[in-house]
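Next up, some structures in structure tokens.
One chain, subunit A, appears in both complexes that follow, with subunit B as partner in the first and subunit C in the second.
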Partner chain A sequence: MDNPKTAVNTLTQMIHALQKSSDFKTNTIALPYQEIFISYFITLIDETKLQESLILILQRRSSESPIRSTEELLPLIPIHELEITDCLEVIHQKLFKGYVVIRLNEDDQKCALVHIPNQIGFRNSNDTENEFSVVGPKVGFIEDLDTNIHLLRLQINVPSLIVKEMTIGSMSHTRVAILYIDGITNEEIVSRIEKRLKEIDFDIVFDSSQLDQIIADNSNTPFPLFMSTERRDRVVYSLISGQVAFISDGSPYFITGPSTLFDFFISPEDYYLPWILGSFFRLIRIFGVIFSLFASALYVGVMTFHYEVVPHSLLGPLIYSRINVPFTPLLEVLFLEITIEFLREAGARLPTKIGQTLGIVGGIIIGQAAVEAALTSNILIIIVSLSALASFATPIYKMANTIRFLRFPIIVLASIWGGLGIFIGVCFLLVHITRLKSLGFPYTVPIYPFRAAGFKDSFLRLPYQINHSRPSYLRPKLLQRYKPKDVKKHKQEWDEN
Partner chain B sequence: MNNEMKDKYQLSPILLYFLLFVSIIDLGILSYQKTILHFAGYNAWISVFITGIGVHVIVWMIYRILSSFKNEAMDVIDVNRICFGLIIGKIFDAMIIFYFFYGAFLMFRGYLSIVQVWLFPGMPIWPVSLVLIILIYYTVTGGIRTINGLSFWGMLAVIACVLPLLFMLTKYLHPLNLKPLLNHSVTEIMLSSKSMVFQFLGVESLLMIYPFIQSPAKSQKWAHFAVLTSTALYVLLLAITFMFYSENELKLLVWPTLHMYMILHVQFFQRLEHVAVSILCITIIANLSLSLWMASRAARRSFSIKQHRSILVFLFAFLLGAVFIKDYDNLMAFIDPYSATGFYLLFGYIPILFVMMQFKKNRNKP
Partner chain C sequence: MVKSLFRSIIPLTLCLVLTACGNEKLINEIMLVQTLGFDSIGSNVRGSILIGDYRKKGEVNAALLDTVTTSELDIIHALNAKAKSPLEYGQLGIIVFGNEYSRQGVDAVIENLCRDTRISTRMQLAVTDKSAYDLLHAAKKMKDAYMLSDMIEQSMDNGNLPSTNLQQALYSFYTNGRDLYLPHLTLERNELKADGVALFKDEKYVVQVGLEQSLLLKMLLENTKNGSYLVPDSIKNGNGGLTLLRILKSKTKYSLTKRPSKPLMTIELLINAEIRDVPNRAQYHASDLIPQFEHRIEAYIANEINKLLALCQKYETDPLGLEDIVIRNSQPPMDSSQGDISGFDTEVKVKLDIISQ
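Let's look at the complex of A and B:
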């Protein structure tokens, strides 16, 4: 397709070229002393607003005397997104963002641009849909950039919250906003992310997550290197801890970074619950992930090679449950794991109500029938469904997918070399995550490089009076977040004040 | 001497601890009880102490050697150049490269034989070698930071392997086994100490990683701490083993640590030695990768061979050698020259370097 910009040299030619689309209108407003030409995409602008705030005003003003120059329009129109330009490229881009072009003469190069966008097509509800929490606010983002930034500004009321905007995409000209807090966030992170985003050459940006993949340090990894979230509290939390967030227009997902592996096991809910419960749930999540990675592999390894590690009392039920199963443990596990993957994939794509029905059909009927048909053992069904459940205990869906994917190579390794195979897989994983970097920062902080202070808010969520500083690996300019309440150290006698 | 490392490749002092700990503690932990028993019998725990102290002195010497010239961090290649000149220095470099490579190879094959004996008796060697080699290649190409990261996990793996023995065996122990406390001559105890040096091989890796440490002066305490903890680990495990087995029984076993595991069981797991052998995989890979990294680094520094090439050559040699050596008994013949070289490297070569560097330093001063 020819780029329309290359073929035109004047504004008139451009408007002429644009008129090929039926939603592009050029109207002539006849006023007592003159004619004014306005052009716009009718699908992108708000027509009532156009009538009220532009045409009516123009009519009223020009009934007195003619408008001589475009500059005279400026004080008239009560819309502040208004500019006068003769740069074709700017006009072209703005037309597609819901601007109206006003010309005083038909072959004028200079024109006024007035922003009258319509807001149809955006959902009104901004509940968090995919990152749910029981306690705490449920404010999420929507597909409109300005609304999203508005939502953030509502919570961070300081001038040091900086929004830097740029456009990415040769065809979509999508606005992308980078947000950080000045005086807290290390500038190196900001400049690094800005540089990488600026280097992007891409045609259409649908979602922030595309950008996050393009700018990732290592694109050959199943691990998400940036956090993506639709929750406001999560973005605010990353901003105040000294991370950078960015979002593209049209995406409800903010990308925050640099992230570490353990960020993906943090749910905002941990901060709304008492610290003991918050820490407990975090540990449960991490345990869930480990369980989900290794449970089926362990079953394969034990049933194929290491019968002797199972005590007698347990070996009986194990053998009895798969006495009629004709397959090797590997095949049996793969069969069930792939069934679960089918269920997950189908359930995710189907409308909610059908999805629920499918869950019942898949989970209960197929499972039950598979055991009765002696295709799998009972115990395996328990293991596989538990590990499926556990893999979704991670609060970030991206990470859950990674975990689900990683089990397969480990299962295969376990079927070849049993326990040794599992640990070869573990070695590969450990080396891989140690090699990963997120925006140049190590991915496995605080374990490696080891930082004792990092444990206060990674595996555990310690109380607020202890947990008062920002993570040091981000090298924030201001380490202290707030002044903690004094902890009373002196021991009082009981029952006496 | 182009030794100025970029800051981002450097390691903070505490990280040195993991590297050293993992390179000291390796497969030997499964079988050292038997080897040091040979001379000093059940007094061997004294020998471990003595060796530990000796190794502390060596670590101190290494630090003195490498920090002789204050403003530049050196490694052993530079030291060879200063002490022996270009040609003899290169001969020493070559020997050191071969020493690191050979040590790594023995560890590799040794681990595979343990896997063959304990997990899969009929297992063909080459497929598992191939996978491990890919893993090692992936680790080494990640650089010293990746190796260091894996060493951290390797250290946790060692702890996970040894802690159950320290705590869960208590009801099977016979403390009276340790008596009489002293019934061997000093010579016998010293001979045992000499054979114990083999278990401490790995501290010499300081000679290569020194320039990668951020503030070397601060790291010395961590190096000593690594030697201290590994000595403590060796002594504790040795004491447990001696209390568990009688002397004559222990002489018959090849891997006493693994045999002790056989008696342990938890609610839904028994025969924990299967788990222990598998978990040690992490430690072994970290240890191997460090040795190979040092060998290839030395090759690059001294002979300007690209690290990618040398590492591929080393790994190919691994594969050939692993298939060539038939079994564990076969391997033992290859271990003896290594352990002798290691002893003379630690207690011959390093003290000589130390003395020479003191002279050079004093000559430079006035």
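Let's look at the complex of A and C:
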């Protein structure tokens, strides 16, 4: 294993080695008839709980005889997570997870392990901050795996919600849990994800999104192949649809898959609003993405090559706004786009209040000054800021980043070949996304491969009585989610017979 | 992976080198020709252009350039020599042919235009009885390089001119059994005016019809929604007065009946109209007078259409494409050279429906 190179063969040696760290404690505790030895990392355990549920209970024991074997400890300690082992590897791992080692004699190899972790360092608020929605629950996940699974179990109250745990990371030994619903999710997805996770050899897992990248079908793509979300309702919805979710301990983000391109334009709000509104907002989001991908590129293309497509009434404002700009449209657009990227990066790294100020400084002052200094045209400022705005209409931040990135190659192509360049860019994009796969399932379903039923919940969110089955491309074991309500034309009570 | 990356980058780079970044035409570094005129001066051709100038905020100016060369093909190059920045024709709104030039034939320009992909097929073509240069000069005074094309399009949408553009003109020009017709412009006390339609025989301008006849032509060519027609008749006075009819909707149906001698072409025209500007309102509401009035007007319009057809026949021009209909309906398909306007009889039926307010 990963013990230090010096040979550690006994528990005593290991404890001796660990004592180099000042937060590792080994105490001798006096009990009525004997002494016992407990060792733990003081930083990893809850001291009050240690006093109350271990030391005090052992000391107040009313028995007349000393404890002779480690097994006798088991019924005495009122803590659920408790085991007896002499395996060094297990002891080593558990010590780092907030276990206390109890030995009856100082040179015993066998010991009892009691789990007394402390919960310091976890945030108390689990509001969804990054995936906010106005309507609907605001329950999100936190950095603790058990809490997260607890949150999910609160909503899915069936025994068929299976949690499979494994450990990843040669240094971090991070717990990773795979969740799925037995009897709904296709087992192939589960076994695929399990296999890929097991194959991972990595040192430290900070966040589930690292795992997401390592197990992705194609790592050379800007597109996110798995959904990552901090919202409980989103994860529950994926599980119910027959997808698999996994999360690593210490990450507030669940990764769900297999995902399709359209999943990234779905906001949970769509399901809480009437279907007409939900569908409308979804279309707006998709339009926003297309707009933000191509708006600046179209400006460059039209200004550089295709002056003939400008409507007569727009000629005046367009030409006038550019008349004093000494740069080519490409440089002009890049200048503004990069300014916006700077603002975004700086705004994301700064504390919220300074970030807001920065937004005003950047947005108003730089924008206004750039126009007055004739560095850019004011029409372009409108286009670039609108498309920056539109790129954040996507509910998933990862997708918004992808969109922001993809604009740049298309802008460059537009400056080289104009409309033809944009077309070439679109072709590359289409070829790329149709080749993408998420856990072996096509990324562009329901468009390619075409699945008519898939359109019920992709561009539009149709009413619940139509939209009652799971997506068929996931090959779920049970296609129907619920029985739709019979839609009959009922006579109203005020109708005449 | 590196290999596949190279495999995709190399062709891209080569494309880049090969195309040399295309031919850049920055919108603020070119001069946009918005109106073009052709005149004949003896055996030479004079070309004049109006260029939109947008350098001042909220203000549009037009610059006029002209040159004389031996052929239409030279004009663009000759004019370029007079310009500060390159002249570009992609935003062309209208081409005006002078009287003399159009009588000699507009085929040289039309045949070239249909090959230029930058030129909009919704561009207008027009004929004037003055010189094209004078018209452009008048438009320049209005400080609007699109003045002529906007005026014509406005008349087509709301007035009596039949709608046409380069696309339709090319269709009429190249179709057998159909002749070109273009809007006719003139100057009235130094003001621009669209005063009718110029009819062509093949590539040559032959005759002009006025606005009243333009409306008849418009109703026969398309489903008209606008346009007003003055009839020398009124509900009260019979043939004595004048009434202005506003066409709300019109529809034309052409049908060809075979007969042993000549085939019969029936033109059925259905008009919905309202009466505007009735001198005496009270009389207008006497409902039994309206049917009589309708019958009189129907006969009048039918007669006017027959006169128009006779005029076309006289000049051997066919803007309606009647011949085209005969050619298309004949079994076996007639050779285009056989069909001519005298090869069939025409019968005009008009149904007028006056909508009461």
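Following the convention adopted for this analysis, the second predicted complex is superposed on the first by the 481 of 497 C-alpha atoms of A that agree within 3 Å, B and C clash if a C-alpha of one lies under 4 Å from a C-alpha of the other, contacts with A are read in each partner's own complex, and residues count from 1 in each chain.
Going forward, a contact is a pair of C-beta atoms (placed from the backbone, for glycine too) under 8 Å apart; a residue touches a chain by one contact, two chains touch by 3 or more.
Every value quoted in this text rests on a predicted model; they were computed, and no experiment measured them.
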Combined model on subunit A: subunit C and subunit B, fit or clash: clash
First (subunit B), second (subunit C), both or neither touched by A:Asn220: second
Most subunit A residues touched (candidates subunit B, subunit C): B
Touched partner set for A:Trp417, first subunit B, second subunit C, both or neither: both
Contacts of A:Lys20 with subunit B and subunit C, given as first, second, both or neither: neither
First, second, both or neither for A:Arg68, with subunit B first and subunit C second: neither
Which of subunit B and subunit C A:Thr304 touches, first, second, both or neither: second
Contacts of A:Leu318 with subunit B and subunit C, given as first, second, both or neither: second
Touched partner set for A:Pro329, first subunit B, second subunit C, both or neither: second
Subunit A positions touched by subunit B in one structure and by subunit C in the second: 305, 308, 310, 416-418
Complex contacts: residues of subunit C adjacent to subunit A: 1, 16, 19, 21-28, 30, 32, 52, 54-58, 60, 88, 90-91, 93, 118-120, 146
Subunit A residues within the subunit C interface of the complex: 220, 302-305, 307-308, 310, 312, 315-316, 318-320, 322-323, 325, 328-329, 416-418
Residue ranges of subunit B in contact with subunit A within the complex: 12, 14-15, 115, 119-120, 123, 127-128, 131-132, 135, 138-139, 142, 145-146, 148-150, 152-153, 265, 267-272, 274-275, 277-279, 281-282, 285
In the complex, subunit A residues that touch subunit B: 305-306, 308-311, 314, 416-420, 422-424, 426-428, 430-432, 434-435, 444, 447-450
